[in-house]
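Before we start, here is the structure in question, set down as structure tokens.
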Amino acid sequence: MKKVVSGADEAIKDINSGATILFGGFGLCGIPENCIAAIVRKGINNLTCVSNNAGVDDFGIGLMLHGKQVKKMISSYVGENAIFEQQLLSGELEVDLIPQGTLATRALAAGYGMPAVWLLAGIGTEVAEGKETRTFNGKEYVLEEAFDADFAIVKAWKGDTQGNLIFKGTARNFNPMMAMAGKITIAEVEELVPAGELNPDHIHVPGIYVKHIFQGVNYEKRIENRTTRKPPTP
Amino acid sequence: MALTKEQIAKRIAQELQDGFYVNLGIGIPTLVANYIPEGVDVVLQSENGLLGMGPFPFEGEEDADMINAGKQTVTFLPGSAVFDSAMSFGMIRAGKVDLTVLGAMEVADNGDIANWKIPKKLVKGMGGAMDLVAAAKNIIVAMQHTNPKGESKLLPRCTLPLTGVHCIRKVVTDLGVFDITPDGFKCLEYAPGVTIDEIKAKTLGRLVIADDVKEMAV
Amino acid sequence: MKKVVSGADEAIKDINSGATILFGGFGLCGIPENCIAAIVRKGINNLTCVSNNAGVDDFGIGLMLHGKQVKKMISSYVGENAIFEQQLLSGELEVDLIPQGTLATRALAAGYGMPAVWLLAGIGTEVAEGKETRTFNGKEYVLEEAFDADFAIVKAWKGDTQGNLIFKGTARNFNPMMAMAGKITIAEVEELVPAGELNPDHIHVPGIYVKHIFQGVNYEKRIENRTTRKPPTP
Amino acid sequence: MALTKEQIAKRIAQELQDGFYVNLGIGIPTLVANYIPEGVDVVLQSENGLLGMGPFPFEGEEDADMINAGKQTVTFLPGSAVFDSAMSFGMIRAGKVDLTVLGAMEVADNGDIANWKIPKKLVKGMGGAMDLVAAAKNIIVAMQHTNPKGESKLLPRCTLPLTGVHCIRKVVTDLGVFDITPDGFKCLEYAPGVTIDEIKAKTLGRLVIADDVKEMAV
């Protein structure tokens, strides 16, 4: 059982141009920074990326857009990104916008071996156009397919040598579903510990869903929208 | 005089009931959290995976791993729970969220809403809005009554691509409070200093005035 | 927000004869002992119970069978229970046997607002007879409906006053799904703590899914099949 | 001489590969855990929600909250993970479990299996067996070659209600090892002291003998 790899470059070495990759993260929160950097270094392109967001101009998936590595984004929200807009307008980039819950549930379906799911989102809108719909108990649902992706790349707070993952706070977001949905799942973690150090009851993604794992380095963990309040005056 | 954004939020806060789980969208809806009535205990759901969303952190205590659906840094409260996006939209879809408040570009008198896309303009995406409007059992729209050009946003039919159909129950604008009924927008309250005639003039959709229409208390 | 009730009798007071109830637990592990006892005390009957198993003669749901309170069991495995056999043979009890994963996933579907799910189990067998089937990507799936139950009763290790639940070990089993699937969910916990004492990252079922919660008493936690090994000789 | 149950389990253990996630059913399959080859690291999945199932606890250390799918008390191992039943069958359905070993009443030469119900006898239920056989990518059946009456359990078609169709890849009995092929049961190995003639006599389903058939090493 050899899941631990030396780092991001080794972890992504089997990902080639043209691949479909599921990414964990919401905005810049909980994104696999090390693997994104390695994909930029490797210079592969023609990628289809499934990710709730597309990063910002100089961080996250934005870095891959900069190198024109992405052919298609499947996302729910892609604001905050000028390069994205430019490539979209120039026709270099395709984008498939889908509801956020649909994105999460299509990933869940893949991880749970369900080929398609009946969802409410988008009924009566262009999202459901051309798709099969059906009424159950008086409500109309649309049939959405499970994702079918070669690779998933996620970022966790802690992981162990068996591939078990624990997330921290809202950096959990899409990471568990993407981890479960990938045929080959790569996890980078802030802290890699020996098997046995994580409480089995606290594990969010069991190692069976993780193929390669490594401890990442130099996490920037950039905050996209820093909001604070003044401390109460003493 | 038309309401400020804060007053719209304050009026919506009066709709909160003790024990409600509430999802607040970006913009005016976010402000609702500032006006939760005394003695009313509500739990805020953030669709990126948090129940019991707390206030912004104190300066210097921001945690990149703790954000809300608007990507703002937030904090936990006692009793908070974190979960993944599938469970988050699962609980939304299952109708466990009691109230959703969100902004809109247009609302139609049949309850349709459009708030995600303007043709020929760059589209950023619907985020979680379509999931929320399709599933929430109780949705209030918080918005200005007219757009920057002065055109009514309360319409007979939406002209923009829809976010959801027949889903909006109530609209609170800077001019008044409106239930959506089979007869169209039913004006329940008018903002202080706003006349029914002004509301009529600025509402393109079908409009009825409640018999007991009253001035809004904000 | 008043979720805390005094005990099992108050928690189940709205459950009346004829109700459909989802139960957490696997075998005798993680079953809501206090609520089962309260249902026996209340003497309601004609119940439809969805539970992976039906207890043993003198414990778990077996106690409800003893009082002839159960009209129908929906389960995956109902061995180890002589009263059960007797009532089934005499026609007093109906039983609907469904695959274990189907049971879990029909509950998940209810908790996640999905009306029905496409599953593999039972294809080509009597389980799929009369049900809609469909081929996706060369594999045949059967459409199974989400459970539609008034009540769910679960047992957790710890809970807080907001209804958040944490399970211990394999006593988790069906409890989270049943908790999520009930219209009105009742949770009994071994230890009830004030809001804020549970780590938000460790919570298995968020309080939004729980209507009533109480700290149970006198847990027997019976072991159905005690297997041990000798300690190594020193 | 026909194999003992332990020998059947030992032979199946030779099929384990390093890194495999394995689900072992009740009965002979459970015994496979005792014969995992040196240097082969496998993780046992128990469908009630445990990966990394450890051995029985020492006397006095039983925990009612730690059982396997056979309701036996078990322990954690370093690297164990607990999850709920939906995720457990999710990972099974998604094909993440590399090998499933289970018992059977009947196996047909087309890969069908029957192991849950005997008409007119009291039915206890299929438990997780239908989920496992429908979803596992690699299923080995461990069973006696004949039933207590001496009748073949390797049949042209199952006579009992099916648990799953076209799903079994390999059968290990007290008499030999058989792959299921388009030509039916293909005998790859025979138990020490068992003749091919005996196997032929006790196999009702289509049977072919591999050119390189050999004595089983147990």
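A, B, C and D are the chain letters, set down in written order, and residue numbers restart from 1 in every chain.
Note that in this section a contact is a pair of C-beta atoms (placed from the backbone, for glycine too) under 8 Å apart; a residue touches a chain by one contact, two chains touch by 3 or more.
Predicted model only: the values in this text are computed from it and were never measured.
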Other chains in touch with both subunit A and subunit B: C
Chain pair with more C-beta contacts, B-C versus C-D: C-D
Length of the line joining the C-alpha centres of subunit C and subunit D, rounded to whole Å: 28
Separation of mean Cα positions, subunit D and subunit B [Å, integer]: 56
Cα-centroid distance, subunit A relative to subunit D, in whole angstrom: 36
Interface hub residues of subunit C, defined as touching at least two other chains: 105, 112-114, 119-120, 167-169, 172, 200-201
Per-residue multi-chain contacts in subunit B, two or more chains: 82-83, 86, 89-90, 92-93, 135
Touch relationships between chains, expressed as pairs: A-B, A-C, A-D, B-C, C-D
Residue ranges of subunit C in contact with subunit A within the complex: 105, 112-120, 136-137, 139, 141, 148, 166-169, 172, 200-202
Residues on subunit A engaged by subunit B in the complex (per definition of touch): 26-30, 52, 75-79, 85, 88-89, 97, 99-105, 107-108, 119-127, 157, 167-177, 204, 221-231
In the complex with subunit C, residue positions of subunit B that touch it: 18-19, 21, 41, 43, 45, 51-52, 76-83, 86-87, 89-97, 135
Subunit A-facing residues of subunit B, complex: 46-50, 55-68, 70-74, 82-86, 88-90, 92-93, 112, 122-131, 134-135, 161-166
Subunit A to subunit D touching residues, read off their complex: 1-2, 110-114, 160-162, 164, 180, 194-196, 200-201, 203, 206-209
